[in-house]
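To start, the structure itself, in C-alpha coordinates.
All chains are identified by letter, namely A, B, C and D, in their written order; residue positions are counted from 1 within each chain.
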Amino acid sequence: MKKILWPVRVYYEDTDSGGVVYHANYLKYFERARTEYLRAMGHELDVLSREYGVLFVVRTLGIDYLKPARFNDALLASAEVTGVRPASLTFTQTLTRGEDLLLATAEVKVVCLGVDGFRPVAIPAILLHSLKHEF
Amino acid sequence: MKKILWPVRVYYEDTDSGGVVYHANYLKYFERARTEYLRAMGHELDVLSREYGVLFVVRTLGIDYLKPARFNDALLASAEVTGVRPASLTFTQTLTRGEDLLLATAEVKVVCLGVDGFRPVAIPAILLHSLKHEF
Amino acid sequence: MKKILWPVRVYYEDTDSGGVVYHANYLKYFERARTEYLRAMGHELDVLSREYGVLFVVRTLGIDYLKPARFNDALLASAEVTGVRPASLTFTQTLTRGEDLLLATAEVKVVCLGVDGFRPVAIPAILLHSLKHEF
Amino acid sequence: MKKILWPVRVYYEDTDSGGVVYHANYLKYFERARTEYLRAMGHELDVLSREYGVLFVVRTLGIDYLKPARFNDALLASAEVTGVRPASLTFTQTLTRGEDLLLATAEVKVVCLGVDGFRPVAIPAILLHSLKHEF
(Lines give C-alpha, C1' and ligand atoms only; values in the text may rest on other atoms or scores of the structure.)
Protein backbone atom coordinates (compact mmCIF):
# COMPACT_ATOMS: atom_id res chain seq x y z
CA MET A 1 0.00 0.00 0.00
CA LYS A 2 1.54 3.25 -1.15
CA LYS A 3 -1.48 5.49 -1.00
CA ILE A 4 -4.93 5.41 0.52
CA LEU A 5 -8.13 6.91 -0.86
CA TRP A 6 -10.60 7.45 1.95
CA PRO A 7 -14.27 8.21 1.24
CA VAL A 8 -15.68 11.33 2.90
CA ARG A 9 -19.32 12.35 2.77
CA VAL A 10 -20.07 16.05 3.33
CA TYR A 11 -22.74 16.64 5.99
CA TYR A 12 -24.24 19.89 7.28
CA GLU A 13 -21.71 19.85 10.12
CA ASP A 14 -18.97 20.46 7.53
CA THR A 15 -20.46 23.39 5.65
CA ASP A 16 -20.65 27.10 6.36
CA SER A 17 -23.05 29.87 5.38
CA GLY A 18 -21.05 30.44 2.19
CA GLY A 19 -22.74 27.20 1.09
CA VAL A 20 -19.48 25.26 0.88
CA VAL A 21 -17.28 23.19 3.18
CA TYR A 22 -15.70 25.41 5.85
CA HIS A 23 -12.00 25.71 5.10
CA ALA A 24 -10.81 24.36 8.46
CA ASN A 25 -12.82 21.18 7.95
CA TYR A 26 -10.64 20.08 5.03
CA LEU A 27 -7.99 19.49 7.69
CA LYS A 28 -10.30 17.01 9.41
CA TYR A 29 -10.76 15.08 6.17
CA PHE A 30 -7.00 14.95 5.66
CA GLU A 31 -6.43 13.74 9.20
CA ARG A 32 -9.04 10.99 8.78
CA ALA A 33 -7.12 9.81 5.71
CA ARG A 34 -3.78 9.85 7.59
CA THR A 35 -5.32 7.87 10.44
CA GLU A 36 -6.77 5.34 7.99
CA TYR A 37 -3.45 5.13 6.15
CA LEU A 38 -1.76 4.00 9.37
CA ARG A 39 -4.65 1.69 10.21
CA ALA A 40 -4.41 0.06 6.77
CA MET A 41 -0.79 -0.79 7.64
CA GLY A 42 -1.95 -2.29 10.92
CA HIS A 43 -1.14 0.62 13.22
CA GLU A 44 -3.73 2.09 15.56
CA LEU A 45 -2.94 5.50 17.03
CA ASP A 46 -4.36 4.61 20.45
CA VAL A 47 -2.22 1.45 20.56
CA LEU A 48 0.89 3.42 19.55
CA SER A 49 0.13 5.84 22.36
CA ARG A 50 -0.50 3.15 24.97
CA GLU A 51 2.25 0.70 24.05
CA TYR A 52 4.97 2.98 22.68
CA GLY A 53 4.15 6.22 24.51
CA VAL A 54 4.02 8.32 21.36
CA LEU A 55 1.55 10.51 19.52
CA PHE A 56 1.74 12.46 16.29
CA VAL A 57 1.03 16.17 16.07
CA VAL A 58 0.95 18.43 13.04
CA ARG A 59 4.08 20.59 12.84
CA THR A 60 3.55 22.37 9.51
CA LEU A 61 0.70 22.35 7.08
CA GLY A 62 0.27 23.89 3.66
CA ILE A 63 -2.98 23.67 1.77
CA ASP A 64 -4.23 24.86 -1.60
CA TYR A 65 -7.97 25.26 -1.98
CA LEU A 66 -8.74 24.84 -5.68
CA LYS A 67 -12.49 24.27 -5.88
CA PRO A 68 -15.16 24.31 -3.21
CA ALA A 69 -16.59 21.10 -1.77
CA ARG A 70 -20.34 21.24 -1.21
CA PHE A 71 -23.02 19.74 0.98
CA ASN A 72 -23.74 16.09 0.18
CA ASP A 73 -20.62 15.68 -1.96
CA ALA A 74 -19.03 12.23 -2.00
CA LEU A 75 -15.31 13.01 -1.73
CA LEU A 76 -12.09 11.06 -1.58
CA ALA A 77 -9.26 12.15 0.71
CA SER A 78 -5.91 10.63 -0.18
CA ALA A 79 -2.85 10.12 2.01
CA GLU A 80 0.61 8.96 1.14
CA VAL A 81 3.89 9.35 2.98
CA THR A 82 6.41 11.27 0.88
CA GLY A 83 9.04 11.89 3.54
CA VAL A 84 10.36 9.89 6.48
CA ARG A 85 12.70 11.31 9.11
CA PRO A 86 13.66 9.78 12.46
CA ALA A 87 10.99 11.77 14.33
CA SER A 88 8.69 13.07 11.61
CA LEU A 89 6.66 12.09 8.58
CA THR A 90 5.55 14.17 5.62
CA PHE A 91 2.23 13.36 4.01
CA THR A 92 1.16 14.55 0.57
CA GLN A 93 -2.60 14.59 0.28
CA THR A 94 -5.41 15.45 -2.09
CA LEU A 95 -9.13 15.91 -1.85
CA THR A 96 -11.15 15.01 -4.94
CA ARG A 97 -14.80 14.80 -5.91
CA GLY A 98 -15.08 11.36 -7.35
CA GLU A 99 -11.61 10.22 -8.38
CA ASP A 100 -10.88 12.98 -10.84
CA LEU A 101 -11.98 16.47 -9.88
CA LEU A 102 -9.25 17.94 -7.67
CA LEU A 103 -10.60 20.20 -4.91
CA ALA A 104 -7.56 20.66 -2.68
CA THR A 105 -3.98 19.55 -2.15
CA ALA A 106 -2.00 19.57 1.07
CA GLU A 107 1.41 18.80 2.47
CA VAL A 108 1.40 17.97 6.15
CA LYS A 109 4.41 17.32 8.36
CA VAL A 110 3.67 15.45 11.57
CA VAL A 111 6.11 15.02 14.43
CA CYS A 112 6.34 12.05 16.77
CA LEU A 113 6.15 13.23 20.40
CA GLY A 114 6.44 11.42 23.69
CA VAL A 115 3.08 11.45 25.46
CA ASP A 116 4.95 12.52 28.59
CA GLY A 117 6.74 15.78 28.03
CA PHE A 118 5.50 16.38 24.50
CA ARG A 119 9.06 16.33 23.09
CA PRO A 120 10.11 14.80 19.76
CA VAL A 121 11.08 11.16 20.00
CA ALA A 122 12.02 8.51 17.46
CA ILE A 123 9.17 6.96 15.50
CA PRO A 124 8.64 3.41 16.82
CA ALA A 125 10.64 0.87 14.80
CA ILE A 126 7.55 -1.21 14.08
CA LEU A 127 5.96 1.75 12.30
CA LEU A 128 9.15 2.78 10.49
CA HIS A 129 9.45 -0.78 9.27
CA SER A 130 5.99 -0.68 7.72
CA LEU A 131 6.75 2.67 6.11
CA LYS A 132 10.12 1.52 4.77
CA HIS A 133 8.36 -1.31 2.99
CA GLU A 134 6.42 1.38 1.17
CA PHE A 135 9.45 3.03 -0.44
CA MET B 1 -23.73 36.53 41.07
CA LYS B 2 -26.80 34.51 40.20
CA LYS B 3 -26.57 34.51 36.44
CA ILE B 4 -24.01 35.27 33.80
CA LEU B 5 -24.59 36.72 30.34
CA TRP B 6 -21.69 35.86 28.11
CA PRO B 7 -21.22 37.59 24.72
CA VAL B 8 -20.85 35.31 21.70
CA ARG B 9 -20.05 36.50 18.20
CA VAL B 10 -21.10 34.24 15.34
CA TYR B 11 -18.26 33.52 12.89
CA TYR B 12 -18.22 31.45 9.70
CA GLU B 13 -16.97 28.49 11.74
CA ASP B 14 -20.35 28.40 13.48
CA THR B 15 -22.66 28.45 10.48
CA ASP B 16 -23.83 25.81 8.03
CA SER B 17 -24.99 25.86 4.45
CA GLY B 18 -28.55 26.53 5.62
CA GLY B 19 -27.20 30.04 6.31
CA VAL B 20 -27.69 29.79 10.08
CA VAL B 21 -25.74 28.58 13.09
CA TYR B 22 -25.34 24.79 12.97
CA HIS B 23 -27.51 23.27 15.69
CA ALA B 24 -24.69 21.47 17.50
CA ASN B 25 -22.78 24.72 17.89
CA TYR B 26 -25.37 26.15 20.26
CA LEU B 27 -24.04 23.59 22.73
CA LYS B 28 -20.60 25.17 22.46
CA TYR B 29 -22.03 28.59 23.28
CA PHE B 30 -23.82 27.18 26.29
CA GLU B 31 -20.68 25.47 27.52
CA ARG B 32 -18.68 28.68 27.16
CA ALA B 33 -21.25 30.39 29.39
CA ARG B 34 -21.08 27.58 31.98
CA THR B 35 -17.29 27.80 32.03
CA GLU B 36 -17.43 31.58 32.44
CA TYR B 37 -20.05 31.24 35.17
CA LEU B 38 -17.65 29.14 37.21
CA ARG B 39 -14.74 31.43 36.36
CA ALA B 40 -16.74 34.45 37.54
CA MET B 41 -17.06 32.71 40.91
CA GLY B 42 -13.31 32.17 40.97
CA HIS B 43 -13.24 28.54 39.82
CA GLU B 44 -11.10 27.45 36.89
CA LEU B 45 -11.89 24.03 35.41
CA ASP B 46 -8.22 23.16 34.88
CA VAL B 47 -7.44 24.02 38.50
CA LEU B 48 -10.39 21.93 39.73
CA SER B 49 -9.04 19.06 37.67
CA ARG B 50 -5.46 19.42 38.85
CA GLU B 51 -6.08 20.19 42.51
CA TYR B 52 -9.30 18.30 43.21
CA GLY B 53 -9.11 15.55 40.60
CA VAL B 54 -12.56 16.26 39.16
CA LEU B 55 -14.09 17.23 35.86
CA PHE B 56 -17.65 17.91 34.78
CA VAL B 57 -19.35 16.10 31.92
CA VAL B 58 -22.79 16.62 30.44
CA ARG B 59 -25.21 13.89 31.57
CA THR B 60 -28.47 15.11 30.02
CA LEU B 61 -29.27 18.00 27.77
CA GLY B 62 -32.53 19.37 26.45
CA ILE B 63 -32.62 22.25 24.02
CA ASP B 64 -35.36 24.20 22.29
CA TYR B 65 -34.42 25.99 19.08
CA LEU B 66 -36.81 28.91 18.72
CA LYS B 67 -35.24 31.19 16.11
CA PRO B 68 -32.12 30.80 14.02
CA ALA B 69 -28.90 32.59 14.90
CA ARG B 70 -27.07 33.96 11.86
CA PHE B 71 -23.59 34.83 10.69
CA ASN B 72 -22.16 37.93 12.39
CA ASP B 73 -24.85 38.01 15.08
CA ALA B 74 -23.84 39.40 18.47
CA LEU B 75 -25.44 36.97 20.91
CA LEU B 76 -25.64 36.52 24.66
CA ALA B 77 -25.45 33.07 26.23
CA SER B 78 -26.73 32.93 29.79
CA ALA B 79 -25.93 30.44 32.52
CA GLU B 80 -27.40 30.02 35.95
CA VAL B 81 -27.43 27.06 38.30
CA THR B 82 -30.98 25.96 39.07
CA GLY B 83 -30.22 22.66 40.78
CA VAL B 84 -27.46 21.44 43.09
CA ARG B 85 -26.98 17.79 44.06
CA PRO B 86 -23.97 16.20 45.77
CA ALA B 87 -22.45 15.09 42.48
CA SER B 88 -24.32 17.06 39.84
CA LEU B 89 -25.44 20.54 38.82
CA THR B 90 -28.33 21.62 36.64
CA PHE B 91 -27.92 24.73 34.52
CA THR B 92 -30.78 26.65 32.93
CA GLN B 93 -29.56 28.62 29.95
CA THR B 94 -30.75 30.91 27.19
CA LEU B 95 -29.32 32.26 23.97
CA THR B 96 -30.54 35.70 22.92
CA ARG B 97 -29.79 38.19 20.18
CA GLY B 98 -29.16 41.37 22.06
CA GLU B 99 -30.76 41.03 25.49
CA ASP B 100 -34.31 40.48 24.34
CA LEU B 101 -34.80 38.26 21.33
CA LEU B 102 -34.84 34.69 22.56
CA LEU B 103 -33.24 32.20 20.13
CA ALA B 104 -32.88 29.08 22.26
CA THR B 105 -33.32 27.71 25.77
CA ALA B 106 -31.57 24.75 27.33
CA GLU B 107 -31.42 22.73 30.50
CA VAL B 108 -28.13 20.95 31.04
CA LYS B 109 -27.26 18.55 33.84
CA VAL B 110 -23.55 18.07 34.42
CA VAL B 111 -22.04 15.39 36.61
CA CYS B 112 -18.87 15.68 38.64
CA LEU B 113 -16.51 12.79 37.79
CA GLY B 114 -13.16 11.75 39.17
CA VAL B 115 -10.47 12.24 36.52
CA ASP B 116 -9.25 8.75 37.34
CA GLY B 117 -11.98 6.21 36.72
CA PHE B 118 -14.57 8.59 35.35
CA ARG B 119 -17.01 7.79 38.17
CA PRO B 120 -19.32 10.28 39.93
CA VAL B 121 -17.72 11.93 42.95
CA ALA B 122 -18.81 14.70 45.31
CA ILE B 123 -18.50 18.23 44.00
CA PRO B 124 -15.53 19.87 45.81
CA ALA B 125 -16.67 21.75 48.92
CA ILE B 126 -15.02 24.96 47.78
CA LEU B 127 -17.23 25.00 44.68
CA LEU B 128 -20.39 23.94 46.54
CA HIS B 129 -19.74 26.75 48.99
CA SER B 130 -19.69 29.32 46.19
CA LEU B 131 -22.84 27.86 44.71
CA LYS B 132 -24.69 27.77 48.03
CA HIS B 133 -24.03 31.48 48.40
CA GLU B 134 -26.02 31.85 45.21
CA PHE B 135 -29.20 30.32 46.56
CA MET C 1 -36.44 -0.07 6.23
CA LYS C 2 -37.60 0.95 9.66
CA LYS C 3 -34.28 1.86 11.21
CA ILE C 4 -30.78 2.61 10.04
CA LEU C 5 -27.52 1.81 11.82
CA TRP C 6 -24.80 4.08 10.54
CA PRO C 7 -21.11 3.38 11.32
CA VAL C 8 -19.17 6.24 12.88
CA ARG C 9 -15.45 6.17 13.54
CA VAL C 10 -14.14 8.50 16.25
CA TYR C 11 -11.21 10.64 15.08
CA TYR C 12 -9.16 13.23 16.96
CA GLU C 13 -11.47 15.93 15.57
CA ASP C 14 -14.26 14.49 17.72
CA THR C 15 -12.51 14.30 21.07
CA ASP C 16 -11.76 16.84 23.76
CA SER C 17 -9.07 17.15 26.41
CA GLY C 18 -11.19 15.08 28.79
CA GLY C 19 -10.08 12.18 26.56
CA VAL C 20 -13.59 11.43 25.31
CA VAL C 21 -15.89 12.56 22.50
CA TYR C 22 -16.92 16.19 23.02
CA HIS C 23 -20.60 16.25 23.98
CA ALA C 24 -21.72 18.49 21.09
CA ASN C 25 -20.22 16.09 18.56
CA TYR C 26 -22.75 13.38 19.40
CA LEU C 27 -25.24 15.66 17.67
CA LYS C 28 -23.18 15.44 14.49
CA TYR C 29 -23.26 11.66 14.61
CA PHE C 30 -27.02 11.68 15.07
CA GLU C 31 -27.47 14.07 12.16
CA ARG C 32 -25.31 11.88 9.91
CA ALA C 33 -27.62 8.97 10.74
CA ARG C 34 -30.74 11.03 10.01
CA THR C 35 -29.29 12.11 6.66
CA GLU C 36 -28.41 8.53 5.80
CA TYR C 37 -31.86 7.36 6.87
CA LEU C 38 -33.43 9.65 4.30
CA ARG C 39 -30.82 8.72 1.70
CA ALA C 40 -31.56 5.04 2.25
CA MET C 41 -35.20 5.81 1.33
CA GLY C 42 -34.00 7.57 -1.80
CA HIS C 43 -34.23 11.16 -0.58
CA GLU C 44 -31.27 13.53 -0.85
CA LEU C 45 -31.46 16.68 1.24
CA ASP C 46 -29.91 18.84 -1.47
CA VAL C 47 -32.46 17.56 -3.99
CA LEU C 48 -35.33 18.19 -1.57
CA SER C 49 -34.03 21.73 -1.16
CA ARG C 50 -33.57 22.37 -4.88
CA GLU C 51 -36.70 20.68 -6.21
CA TYR C 52 -39.16 21.15 -3.35
CA GLY C 53 -37.75 24.27 -1.71
CA VAL C 54 -37.58 22.77 1.76
CA LEU C 55 -34.98 22.07 4.40
CA PHE C 56 -35.15 20.46 7.82
CA VAL C 57 -33.95 22.14 10.99
CA VAL C 58 -33.79 20.81 14.51
CA ARG C 59 -36.60 22.23 16.67
CA THR C 60 -36.08 20.35 19.93
CA LEU C 61 -33.46 17.92 21.04
CA GLY C 62 -33.08 15.82 24.17
CA ILE C 63 -30.04 13.67 24.75
CA ASP C 64 -28.91 11.32 27.50
CA TYR C 65 -25.20 10.67 27.77
CA LEU C 66 -24.78 7.26 29.37
CA LYS C 67 -21.17 6.26 28.75
CA PRO C 68 -18.32 8.14 27.10
CA ALA C 69 -17.24 7.43 23.54
CA ARG C 70 -13.48 7.45 23.05
CA PHE C 71 -10.87 8.09 20.40
CA ASN C 72 -10.74 5.38 17.73
CA ASP C 73 -14.05 3.81 18.80
CA ALA C 74 -16.11 2.17 16.07
CA LEU C 75 -19.64 3.32 16.85
CA LEU C 76 -23.10 2.86 15.38
CA ALA C 77 -25.55 5.74 15.25
CA SER C 78 -29.15 4.67 14.73
CA ALA C 79 -32.05 6.64 13.33
CA GLU C 80 -35.71 5.80 13.10
CA VAL C 81 -38.76 7.99 12.66
CA THR C 82 -41.13 7.63 15.60
CA GLY C 83 -43.42 10.55 14.87
CA VAL C 84 -44.80 12.11 11.70
CA ARG C 85 -46.69 15.40 11.60
CA PRO C 86 -47.58 17.50 8.55
CA ALA C 87 -44.55 19.75 9.00
CA SER C 88 -42.30 17.86 11.41
CA LEU C 89 -40.66 14.51 12.10
CA THR C 90 -39.51 13.01 15.36
CA PHE C 91 -36.47 10.76 15.33
CA THR C 92 -35.52 8.38 18.12
CA GLN C 93 -31.82 7.62 18.02
CA THR C 94 -29.10 5.71 19.82
CA LEU C 95 -25.35 5.65 19.79
CA THR C 96 -23.73 2.31 20.58
CA ARG C 97 -20.24 0.86 20.66
CA GLY C 98 -20.54 -2.23 18.59
CA GLU C 99 -24.20 -3.20 18.44
CA ASP C 100 -24.75 -3.66 22.14
CA LEU C 101 -23.07 -1.16 24.43
CA LEU C 102 -25.38 1.84 24.65
CA LEU C 103 -23.53 5.16 24.94
CA ALA C 104 -26.29 7.70 24.32
CA THR C 105 -29.94 8.06 23.38
CA ALA C 106 -31.64 11.03 21.78
CA GLU C 107 -35.01 12.27 20.63
CA VAL C 108 -34.84 14.89 17.92
CA LYS C 109 -37.73 16.79 16.40
CA VAL C 110 -37.00 18.38 13.04
CA VAL C 111 -39.25 20.87 11.30
CA CYS C 112 -39.69 21.25 7.56
CA LEU C 113 -39.07 24.88 6.54
CA GLY C 114 -39.35 26.69 3.25
CA VAL C 115 -35.89 27.72 2.05
CA ASP C 116 -37.34 31.17 1.34
CA GLY C 117 -38.70 32.68 4.52
CA PHE C 118 -37.68 29.90 6.88
CA ARG C 119 -41.29 29.20 7.86
CA PRO C 120 -42.83 25.77 8.50
CA VAL C 121 -44.26 24.15 5.38
CA ALA C 122 -45.76 20.75 4.66
CA ILE C 123 -43.32 17.91 4.24
CA PRO C 124 -43.18 17.02 0.49
CA ALA C 125 -45.67 14.26 -0.36
CA ILE C 126 -42.96 12.11 -1.93
CA LEU C 127 -41.12 11.99 1.38
CA LEU C 128 -44.28 11.49 3.46
CA HIS C 129 -45.18 8.61 1.19
CA SER C 130 -41.88 6.85 1.90
CA LEU C 131 -42.30 7.44 5.61
CA LYS C 132 -45.89 6.20 5.67
CA HIS C 133 -44.71 2.94 4.14
CA GLU C 134 -42.59 2.60 7.27
CA PHE C 135 -45.48 2.65 9.70
CA MET D 1 -4.68 50.33 12.43
CA LYS D 2 -2.03 48.13 10.93
CA LYS D 3 -2.55 45.02 13.00
CA ILE D 4 -5.17 43.59 15.28
CA LEU D 5 -4.66 41.40 18.37
CA TRP D 6 -7.83 39.48 19.07
CA PRO D 7 -8.32 37.66 22.41
CA VAL D 8 -9.23 33.97 22.20
CA ARG D 9 -10.12 31.82 25.17
CA VAL D 10 -9.62 28.06 24.77
CA TYR D 11 -12.72 26.05 25.74
CA TYR D 12 -13.28 22.28 25.74
CA GLU D 13 -14.78 22.58 22.26
CA ASP D 14 -11.32 23.51 20.96
CA THR D 15 -9.26 20.72 22.47
CA ASP D 16 -8.67 17.09 21.52
CA SER D 17 -7.77 13.97 23.44
CA GLY D 18 -4.08 14.81 23.08
CA GLY D 19 -4.87 17.43 25.73
CA VAL D 20 -4.14 20.38 23.43
CA VAL D 21 -6.01 22.52 20.92
CA TYR D 22 -6.94 20.46 17.86
CA HIS D 23 -4.81 21.59 14.93
CA ALA D 24 -7.71 22.54 12.66
CA ASN D 25 -9.12 24.87 15.31
CA TYR D 26 -6.16 27.24 15.01
CA LEU D 27 -7.67 28.12 11.62
CA LYS D 28 -10.85 29.22 13.35
CA TYR D 29 -8.91 31.54 15.64
CA PHE D 30 -7.09 33.03 12.67
CA GLU D 31 -10.36 33.58 10.82
CA ARG D 32 -11.91 35.29 13.84
CA ALA D 33 -8.94 37.70 13.85
CA ARG D 34 -9.30 38.39 10.11
CA THR D 35 -13.01 39.07 10.55
CA GLU D 36 -12.31 41.42 13.46
CA TYR D 37 -9.54 43.13 11.48
CA LEU D 38 -12.06 44.04 8.80
CA ARG D 39 -14.67 44.98 11.40
CA ALA D 40 -12.18 47.29 13.12
CA MET D 41 -11.86 49.13 9.80
CA GLY D 42 -15.63 49.40 9.61
CA HIS D 43 -16.31 46.53 7.21
CA GLU D 44 -18.79 43.80 8.06
CA LEU D 45 -18.61 40.63 5.97
CA ASP D 46 -22.38 40.23 5.82
CA VAL D 47 -22.75 43.81 4.60
CA LEU D 48 -20.05 43.31 1.97
CA SER D 49 -21.93 40.24 0.82
CA ARG D 50 -25.34 41.92 0.73
CA GLU D 51 -24.35 45.30 -0.68
CA TYR D 52 -21.39 44.41 -2.87
CA GLY D 53 -22.17 40.80 -3.70
CA VAL D 54 -18.78 39.51 -2.60
CA LEU D 55 -17.36 37.05 -0.11
CA PHE D 56 -13.84 36.02 0.79
CA VAL D 57 -12.65 32.44 0.71
CA VAL D 58 -9.29 30.99 1.68
CA ARG D 59 -7.20 30.14 -1.39
CA THR D 60 -3.93 29.03 0.22
CA LEU D 61 -2.91 28.60 3.79
CA GLY D 62 0.40 27.77 5.41
CA ILE D 63 0.73 27.27 9.13
CA ASP D 64 3.57 26.48 11.50
CA TYR D 65 2.63 24.91 14.81
CA LEU D 66 5.39 25.84 17.27
CA LYS D 67 3.98 25.10 20.72
CA PRO D 68 0.67 23.59 21.78
CA ALA D 69 -2.19 25.74 23.05
CA ARG D 70 -4.03 24.20 25.99
CA PHE D 71 -7.44 24.17 27.62
CA ASN D 72 -8.28 27.45 29.38
CA ASP D 73 -5.40 29.36 27.76
CA ALA D 74 -5.94 33.06 27.14
CA LEU D 75 -4.51 33.56 23.66
CA LEU D 76 -4.10 36.42 21.21
CA ALA D 77 -4.65 35.89 17.50
CA SER D 78 -3.14 38.62 15.34
CA ALA D 79 -4.07 39.65 11.81
CA GLU D 80 -2.42 42.09 9.47
CA VAL D 81 -2.63 42.46 5.72
CA THR D 82 0.76 42.03 4.10
CA GLY D 83 -0.33 41.79 0.48
CA VAL D 84 -3.05 43.43 -1.59
CA ARG D 85 -3.97 42.38 -5.12
CA PRO D 86 -7.02 43.38 -7.16
CA ALA D 87 -8.95 40.25 -6.15
CA SER D 88 -7.00 38.85 -3.19
CA LEU D 89 -5.48 39.71 0.17
CA THR D 90 -2.65 38.06 2.03
CA PHE D 91 -2.77 38.01 5.81
CA THR D 92 0.20 37.30 8.06
CA GLN D 93 -0.95 36.04 11.43
CA THR D 94 0.34 34.81 14.76
CA LEU D 95 -1.11 33.04 17.75
CA THR D 96 0.50 33.85 21.11
CA ARG D 97 -0.11 32.99 24.73
CA GLY D 98 -0.15 36.36 26.39
CA GLU D 99 1.64 38.81 24.12
CA ASP D 100 4.98 37.07 24.01
CA LEU D 101 4.92 33.29 23.78
CA LEU D 102 4.56 32.41 20.11
CA LEU D 103 2.46 29.28 19.51
CA ALA D 104 1.82 29.42 15.77
CA THR D 105 2.31 31.54 12.68
CA ALA D 106 0.29 31.51 9.49
CA GLU D 107 0.10 33.08 6.07
CA VAL D 108 -3.36 33.05 4.57
CA LYS D 109 -4.34 34.21 1.10
CA VAL D 110 -8.03 34.97 0.67
CA VAL D 111 -9.73 35.58 -2.67
CA CYS D 112 -12.67 37.87 -3.29
CA LEU D 113 -15.48 35.95 -5.05
CA GLY D 114 -18.81 37.01 -6.42
CA VAL D 115 -21.59 35.45 -4.37
CA ASP D 116 -23.23 34.43 -7.64
CA GLY D 117 -20.96 32.16 -9.60
CA PHE D 118 -18.16 31.95 -7.07
CA ARG D 119 -15.65 33.53 -9.48
CA PRO D 120 -12.89 36.00 -8.52
CA VAL D 121 -14.00 39.63 -8.68
CA ALA D 122 -12.35 42.91 -7.76
CA ILE D 123 -12.27 43.76 -4.07
CA PRO D 124 -14.82 46.55 -3.46
CA ALA D 125 -13.19 50.00 -3.71
CA ILE D 126 -14.44 50.98 -0.26
CA LEU D 127 -12.48 48.13 1.29
CA LEU D 128 -9.39 48.66 -0.86
CA HIS D 129 -9.43 52.28 0.20
CA SER D 130 -9.32 51.33 3.88
CA LEU D 131 -6.53 48.88 3.23
CA LYS D 132 -4.48 51.33 1.15
CA HIS D 133 -4.54 53.71 4.09
CA GLU D 134 -2.77 50.99 6.00
CA PHE D 135 0.27 50.81 3.76
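Note that contacts are C-beta pairs under 8 Å (C-beta built on N, C-alpha and C of every residue); 3 or more make two chains touch, one makes a residue touch a chain.
What you see is a predicted model; the values in this text were computed from it and never measured.
Asker: Between B-C, A-C or A-B, which repeats the contact pattern of C-D in over half of its pairs?
Answerer: More than half of the contact pairs of C-D reappear in A-B.
Asker: From subunit D, which chain is the farthest off, judged by mean CA positions?
Answerer: Relative to subunit D, the chain whose C-alpha centre sits farthest away is C.
Asker: Comparing the two chain pairs, does A-B have more C-beta contacts than A-D, or is it the other way round?
Answerer: A-D
Asker: State, to the nearest whole Å, the distance from the C-alpha centre of subunit B to the C-alpha centre of subunit D.
Answerer: 27
Asker: Measure off the straight-line distance from the CA centroid of subunit A to the CA centroid of subunit D, and report it in whole Å.
Answerer: Those two chain centres are 24 Å apart.
Asker: Would you mind pulling out the distance in Å between where the CA atoms of subunit A average out and where those of subunit B do?
Answerer: Those two chain centres are 33 Å apart.
Asker: For subunit A, jot down the residues that touch at least 2 other chains.
Answerer: Within subunit A, the residues that touch at least two other chains are 12-13, 18, 20, 24, 28, 31, 70-71.
Asker: Which stretch or stretches of subunit C touch subunit D in the complex?
Answerer: 12-13, 15-20, 22, 24, 70-71
Asker: Residues of subunit D touching subunit B in their complex?
Answerer: By the definition above, subunit D touches subunit B via 9, 11-13, 28, 31-32, 35, 44-46, 70-72.
Asker: Can you list the residues on subunit C that touch subunit B in the complex?
Answerer: So the residues of subunit C in touch with subunit B come to 18, 20, 23-25, 27-28, 31, 55, 57-65, 68, 118.
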